[in-house]
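As structure tokens, here come the structures.
Two complexes are shown next, each including subunit A; its partner changes from subunit B in the first to subunit C in the second.
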Partner chain A sequence: MAAKTGRHRLTLSPQARSELETILGARYVTDDPALMSGYAWNTGVGKIPSGDKFTSIWPIAVVLPATTEEVAAVVKCCKRHGLSFRPHSTGYGSMGCVTSPDSICIDLRRMDHLEILPDDRMAVIGPYATANQLQAEARKHGLTCHVVGAGPAHSPLASATSLIGVGITSQFTSANMRNMLAWEWVTPEGEIIRGGSAASDLGWYASDGPGPGTRGLLRGFFGGGGGIGVFTRIGIKLFPINQKGEMQTVGQVPQLRSVLPAHTALLHALFPDYEAQRAATFDLLQDDVCTVLLRMPPNHIGWTLTETNAEFVRRTRDGTLPEPAQLHNGASWTILIASRSAAEHRWRDETVRDIVIRHGGHFAVLQQEEEELLYHNFATSQYVPRVLRASGGITTSFGVLDSFHFLPKAVEMGEMMLAKDSAPGGALCEGSPDEQWIWPHEGRYMWGENIIHFDATSEASRAAGALALIGHFAAQWKDPVGMTGLLVGPIQDVTGPRIGKAPAFARKVKTYFDKDDRSKTKEYVIPNMPPLVEKILPALRPVFSNQMVLRAMSKMLGKNGM
Partner chain B sequence: MNDASLPGERLASMDRCTRCSQCKFVPVPKSKAHMSACPSMDFVEFHAGSASGQLIMASGIAHGEFGYTPSMLETVSACTMCGACDTACKVNFAEIVEPLDGLYALRARMVADGQSPKRHREVMDKIAAFGNSQGLPRSDRANWASGLAFLPRADILVHVGSVLSYDTGKHDSLQAIVRTLQQAGLSLAYLGQDEGSCGMLAWDLGYHKQAKALAETFIRQVRQAGARTVVTFSSSAISVYRSIYPRMGIDLSGIRFLHFTEFLLALTAKGLVSLTPSGQYAGGTVAFHDTCKLGRLTEPYQEADRSVTKEMGGIFASRSPQALHFSRNGIYDAPRALLKHMGIEVEELERSREFSYCCGAQGGVKETLPAAAKMAARNRLAELQETESEILVSACGNCAHHLGKHVRAPATVIDLIDILAPNLAPCSSRETGVTATEGAC
Partner chain C sequence: MTALPRGIKADITAPVRDAFARDGEVGTGPAPRAVLYPSNIHEVRKVVVWANETRTALIPVSSTGLRRRGDTVPLTDGAVVVDLSGMTKLIHADPRDKIAIIEAGVDFGSIDEILRPHGLRAFRPLMPRAGKSVIASYLDREPIINADVHWDPADPFGGTAIISGGGELTLNGSAALEGTLKEQLERGHRHMVTFGPGNVDLTRVLQGSQGSLGVMGWAAIYCERLPKVEDSLFLCSETPSAVLAAMREAVHRRICTTAFVVDRVQLAMLLGLEMDAAAMLPAWTFFATQAGYVHAPERKVAWQRSDLEEVAARHGARLEKTLLGTSADALADRLRQSPRVCYRDVPFGAHKELFFLHPISSVERMLDIQEAHLRTGALAARPVGTYIQPLAQGTFAHVERVMPHGPDADVGADWRSLAEASLRAGAFYSRPHGVARDLAFLRDDGSAARMIGAAKALLDPCNVMNPNRFVVQEAIG
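This part shows the complex of A and B:
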């Protein structure tokens, strides 16, 4: 077993270390605290750090396997020695941080397999084939991949298997929650299993083979969160684009831009209110004329269009930010139209303009450089991570995954949560009244995510961020805004029957494959919960929704981190 | 190292790292094979090898989470201080993290805490004893200039640098170029055996006091020589002159620093020297390796209030955004223009200009962790395979030497001075109507 040290840290037994070194080579096993510190850094999307950013729980060791067989051997070694583990791909926002001090962090950096199969419009990738690599290779064939909000440095395999998988181009690239094809998986017991067409050694093109589907069973909606073994290879969908080859990137750091290809337009539509925007959205989607639709909060557009925070602050104060970045212009769509021919482009462009104007909207005048910046962001998601530039601290909200009927209500709920504290003098960073990022998914439903940005160095601001976060859930319980997108860990259980016993079912899956809970996480489902607790938790919603309880919890999270 | 041993602003910047991993990648990679921005990460592989990992380690030490460990010191030693992380990070994070300044601070604190790796200390001992990191005798430093005559005082001081001074294979080219300048009527001074280390390596290793002492010595020598212009053949030197000396608070007034590529280009434009089409290479294509020191790290440092202030409830805004480094103003165009003058087309590598990948020769890695330096060189040379060129040109003697050591036939690495030397010729003032003094100054 392991010896206990201070600060919830355990030390690896000599026997376990020796076995890991035999499996991987000594160079790829470390329990050096300095080398492990990067795996215990509690910051990034969705995190609320405490005074310093180190987590209270550190891994017992970090290992770097290179093959699926090595991963399986590491998992079996964990089992032999009573240790837990958590897989880690790119580790953005400490999503790969372990959640128990007896856990080995399996850093999958050396597993970067990437193979494009252009005829099948797909790729086969390992956990460390990052989106920027996948996109670069896919573009050589006139294809692209879905890039989630974490930006180009994220792992598409991780987003497809383990964490939501949503990003701004969902209108034409779907979302990685839907983009996984065949898969290879190391179970929490250390077995290597392939699914879909790969199970029959027939390639990676199909997610499910004969019999019941298993993709959803393994990843569920939110994703496995590292709580159900290690995914080591998947097939993933690629999508055709109207330009083959490298991006024509121009401009200078930090404002890299891309030249719009032929038959491509970037428009920014402004609507008089959210009712008009909703009505226009149904028409835009019905006619299938937009390649990408994105509603960024105005201040986030400002972050994209300015090279520094200093410029953003100055231009906010002197009122020189362009129209889309002005706070009163929240009812808006940035629209990308990417066509294959002049005729197609003319039809799309005219139709979009007609719909927007018919619903009382108009188009903001953008400078060419602004258009190219926004296009660059659409093509690569390069600037989405700028949500962390302002203060270095953000978390997010419940997320809405439902019909566009909910658009005005989602914005209203966003304002209810943020407007007071994001106004000048409030406890959060100043910003838009709501900070919903909204986009359509495959022309059908809406993703909405209210971003909360706080000063990570101020306990009061962290507490306000935490209050806004958990306040979203309380508000959702009281007056639902469609389906909740971001139900994580224990929040699912408290939400209860409204989501159809989903956590209870996920728990059965978890327990079946991982009865000892070796694959440990707080972002999947609480394992082995007694039925009585399962029943009681939803009944506690009124308690958790109580303003005094919410404030007490927020204060605690602001102090100790989350 | 305790909390107080890192300036509060710098520690705060380190603590703002979001571990997004963008410091590991060039911002817009063109292929999977060449997407990495970080030779150190490629070698170490654990997150600690990246800029983010190093900042987190520095933060951990400062916050008392752990103490220095041998693995940490080895990991830090793998970093070439090439600054590619800084460029990549700033695409999204602009003023809030500034990784390169964090890396400078980390190494300085390691020295202050007596934790500088043994091999770094050995390098510093050689610099102190011999004026170069290789431990070669001062008496050989000026061998390249045998037969050339320099003035004790002149408007222009030639600086050669430690690598080229001792690289006997480059002495003919150096001689030829300097002789041409003299034939063009330029009066040149040279410090000879008194030329020492420029201080760049000392700075990179975290020995900032020693680097400052070296800088002060050099500037005193420049003033004693009466020089108003320093022309250097060293990319490390031009980098330290423009981006590091100003940080040290040294009085540089009245002295202009030029890299030899800028100087020759200016002389060519003014008609003092001419470049003829290269017999061997004209009409051909070469790939060009942007040295990190000559490129992104030569961006001039501006004296300014470099702190951030909290605005709008917690938005960190630079007090001097105009002084932020974005790798924009390095020397990228002059070497390319010289090649063009000689009829040579330049084919860009996938990672070029401010996104160039370090070859491993800098930051003390070559001297102290040869395996890491070799891997970086091999990674860089692999990029040549994506081009039509078999020739990689560098305007840095250090890079050319290091890459040349690891290149495999049929590819070759050529130092720009070896292409320039046979094709550079003086123009007489009767032809141009420009005097040497007018032309040079």
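This part shows the complex of A and C:
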């Protein structure tokens, strides 16, 4: 077991350390605080932090396995010594931090396998193949991977197996829970299990079978968030694009741009209102006419097109930001058309223009540099560092999936959640309450995600961020905009069986594979919940919907972090 | 013997029960003690709850007509068949979102008629029989022929309603929402998402489970808009490499809707020709359909056609509009009709099938090994067809070998030998049916058995759903 040192730290027992060192070699086991501090930060990227830059809970040790067998041995060692663990792929954002002081952080950075199988438009990857590495390798073959909104630094394996998986190009690159092919997994007890064709040693292409698609026990919408063992290798689907090789990048950081390849257009359509945009969207989704469609809040376009915050503020004040970045132009689509032949491109381009005009819209005039900047961010999903720089603290809400019928309502509800605190004098980052990012998946349905900007150094601002986050669940209970994707942890249980049996089933899965809760996280289900509590929690929805209760909870989260 | 559940229509007459004790391929099992006909999902739930209370084995069935893969023949005595084929409601259809919600008994023989007034049609596998349930087909991950929109094996499912083996009603994907289905639809929800909610994806778990984990009562299914313009082509060659390469590129570029490759024996069967005529067909054919739905459809199909021609020329495939008097457009029409008799039984009265998954990039090597095996064995003189269906937008393929034969031909052992040779050569039997029922697990490193055991324990703790369906379950006991 472990011994207590300070308020938040435990130390590894000599036996546990010695076993880990035998498994991995001493070089790959550490509890040096200087190194561990890098695994114990929460500055507000993705989650609400406390006032401290460090999390209150540090890992008891960090280990770096190089193989699946080593991961399994580490997990078994944790079990023998009553320790917990949390897998960590790249640790982009603060979702990879451990949540209990007896947890070992299993840092998978030595497992960076990356193999492209171009003829089968797929790759085989380990946890530390990052999206930008995967994309760079795939591009050599005229392919790309799906890059989630988090941007190029994240792990596509972590995304596909364990955490959400949506991204701005989902119209043609789907989402990672659907891009994941065969899989390899170390259970919370240290067994090695493979899924699909990999279990028969027949390659990494087929996700399911023989028989049932048992992956569905482990990977739903949100993913296990580190609460259900360690995924060590997957096959992942890639997507053909109309350019082979490197992008032709110009300009300087932070305003890198890319030259549009042949037969490619980037258009920005503006509509008189959201009803017109919705009607146009249903047309734009027919016949696969658009490669990518993205609705960004105007402020976010402004942050992308300006080099510094000072430039953004100045140009906002003097009204010189381009049309797409002006606040009244929220009803808009940035549209990428990527074709392979001139005839195809003519048909796409003319069709898109015709649809937009027919629905009362028009196209913003963009300078070539602006066009190239937006294109660069589209193709690489580098938006995050550009648009989230305004406040330094961000989290997200809604995460709704449904018909585009709900487009106007998604924007309206998103604004309602932020209106008060984003106004001058409010506790959130001052600006427009319009923060809803919207895009289609596979030519069919809408994803809407409402970004919350807060000042990570101010408790009041963090509390306001938390209020907007938990408040949106209550708003959705009353009047749903669609399936809420970001339902995770206790909020699933409060939402209750009226939305199906998902939390209860996930808990059964957790108990089945991890009855001692060794694979510890707050981003899965509450383990081992007594049936009575499971029953009572949904009945408490009116309590959790009460504004006073929401405020009190937000205050607590603003103080202690999430 | 326990009484049957009250209020559910039942049939205990011998002819009806006996009909479920055998199927066209796999032979006979014990006759069920009754056939129940629930009329909606609540009645289905009632049946499953009753089965749990009485520890009665249930065999869910949604299709009608000749069954042949053995998955609905009981493997235990005293089982009860739950026949959902009477649940034929179209609950909702919406051309704007290209989606419909159907009950489990809606079959391929009727679905296009039902959807036509809504400007939609269903995604179909290769010539399913008329009585085949649409939901049962998708549940079995039967490949649809529209490779461009087959993103993932869960397609074309959206949200679904499932009664788990434990008797719980689960709403899955974006069907998991506040309010009744009616209220949800009125608010504008369309149940377009299949995964989730939260951390599980029970629709995916149920797919491929052959009735052994639960019963799907209704499902939202993605549909295809009725095209305004549709144009089909045969792309032919004397070697598989040319058509396979052309198909792969066309599917990766998404310039056709229907896309598959067949050899001359398979094509003859699809065209309804005598087997003798197969020799006059090209050795290999990539069948492609291009469709314009809404926007400038003629122009769309025109550029796609010219791109396809360029792809074909580059890979050495020749274009044909007509083969032996049948146009490609006529075949496209045939593919939308569901014959009463399976097209593979037409030549000689019966057939053997073998299907598995394989990467497209190395499928030729697999075919070579199979051909070498066939050439040297007792099946050498028999026609064996080949059908290659790209899946997940051409990430891998469903490969199917079909041998039409006379009803009395003694070919079972030799066919199994082909299946074994294919397994050694790398066939992944993701759907353990028929001859692959046990072969599918021979290469398993233990993972599939472990996970099927887990799924069974979690969804069907009393093991009432189609017990012993998978050989690994038998081993687990």
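Methods note: the second predicted complex is superposed on the first by the 558 of 562 C-alpha atoms of A that agree within 3 Å, B and C clash if a C-alpha of one lies under 4 Å from a C-alpha of the other, contacts with A are read in each partner's own complex, and residues count from 1 in each chain.
Keep in mind that, in the parts below, a contact is a pair of C-beta atoms (placed from the backbone, for glycine too) under 8 Å apart; a residue touches a chain by one contact, two chains touch by 3 or more.
Just so it is clear, the structure is predicted and the values come from calculations on it, not from any experiment.
*Asks:* Touching A:Q15, do we find subunit B (first), subunit C (second), both, or neither?
*Replies:* It touches nothing on subunit B or subunit C.
*Asks:* When the two structures are overlaid on chain A, which partner does A:L114 contact: first (subunit B), second (subunit C), both, or neither?
*Replies:* A:L114: touches subunit B, not subunit C.
*Asks:* Taking the superposition as given, does A:S56 touch the first partner, subunit B, the second, subunit C, both, or neither?
*Replies:* Neither partner.
*Asks:* Output check: A:T320 vs subunit B and subunit C. Expected answer is one of first, second, both, neither. What do you get?
*Replies:* neither
*Asks:* In the overlay, answer first, second, both or neither for which of subunit B and subunit C A:M122 touches.
*Replies:* second
*Asks:* Pick one for A:W347: touches subunit B only (first), subunit C only (second), both, or neither.
*Replies:* So A:W347 only meets subunit C here.
*Asks:* Of the two partner chains, subunit B (first) and subunit C (second), which one does A:K508 touch, if any: first, second, both, or neither?
*Replies:* A:K508: touches subunit C, not subunit B.
*Asks:* Mind sorting out which residues of subunit A both subunit B and subunit C touch, each in its own complex?
*Replies:* None.
*Asks:* Please give the residue numbers of subunit C that touch subunit A in the complex, ascending.
*Replies:* 96-99, 141, 148-149, 151-154, 159, 164, 168-178, 187-190, 192-193, 195-210, 212-213, 222, 225, 248, 252-254, 292-297, 299-300, 302-304, 306-307, 310, 357, 359-361, 392-396, 426, 428-432, 440-441, 443-445, 447-448, 450-452, 454-455, 457-458, 470
*Asks:* Which residues of subunit A touch subunit C once you look at their complex with the stated criterion?
*Replies:* Per the touch definition, subunit A meets subunit C at residues 117, 119-122, 174, 177-179, 181, 191-197, 199-203, 205-224, 228, 237, 240, 282-283, 286-289, 340-341, 343-344, 346-347, 350-351, 354-355, 401-406, 442, 444-445, 477, 480, 482-485, 487-488, 492, 498-503, 505-506, 508-509, 512-513, 524-525.
*Asks:* List the residues on subunit A that touch subunit B in their complex, please.
*Replies:* 7, 28, 30, 32-35, 37-39, 41, 43-45, 52-54, 62, 64, 90-94, 107, 109-110, 112, 114, 129-130, 132-134, 136-137, 150-153, 246-247, 249, 252-254, 256, 307-313, 316, 380, 382-383, 385-386, 388-393, 422, 424-430, 453-458, 461
*Asks:* Which part of subunit B faces subunit A closely enough to touch in the complex?
*Replies:* Listed in rising order, the residues of subunit B that touch subunit A are 12, 15-22, 24-25, 27-32, 35, 45-48, 50, 52-53, 56-57, 59-61, 63, 65-66, 68-69, 71-72, 75, 87, 90-96, 308, 310-319, 321, 324, 326-328, 354.
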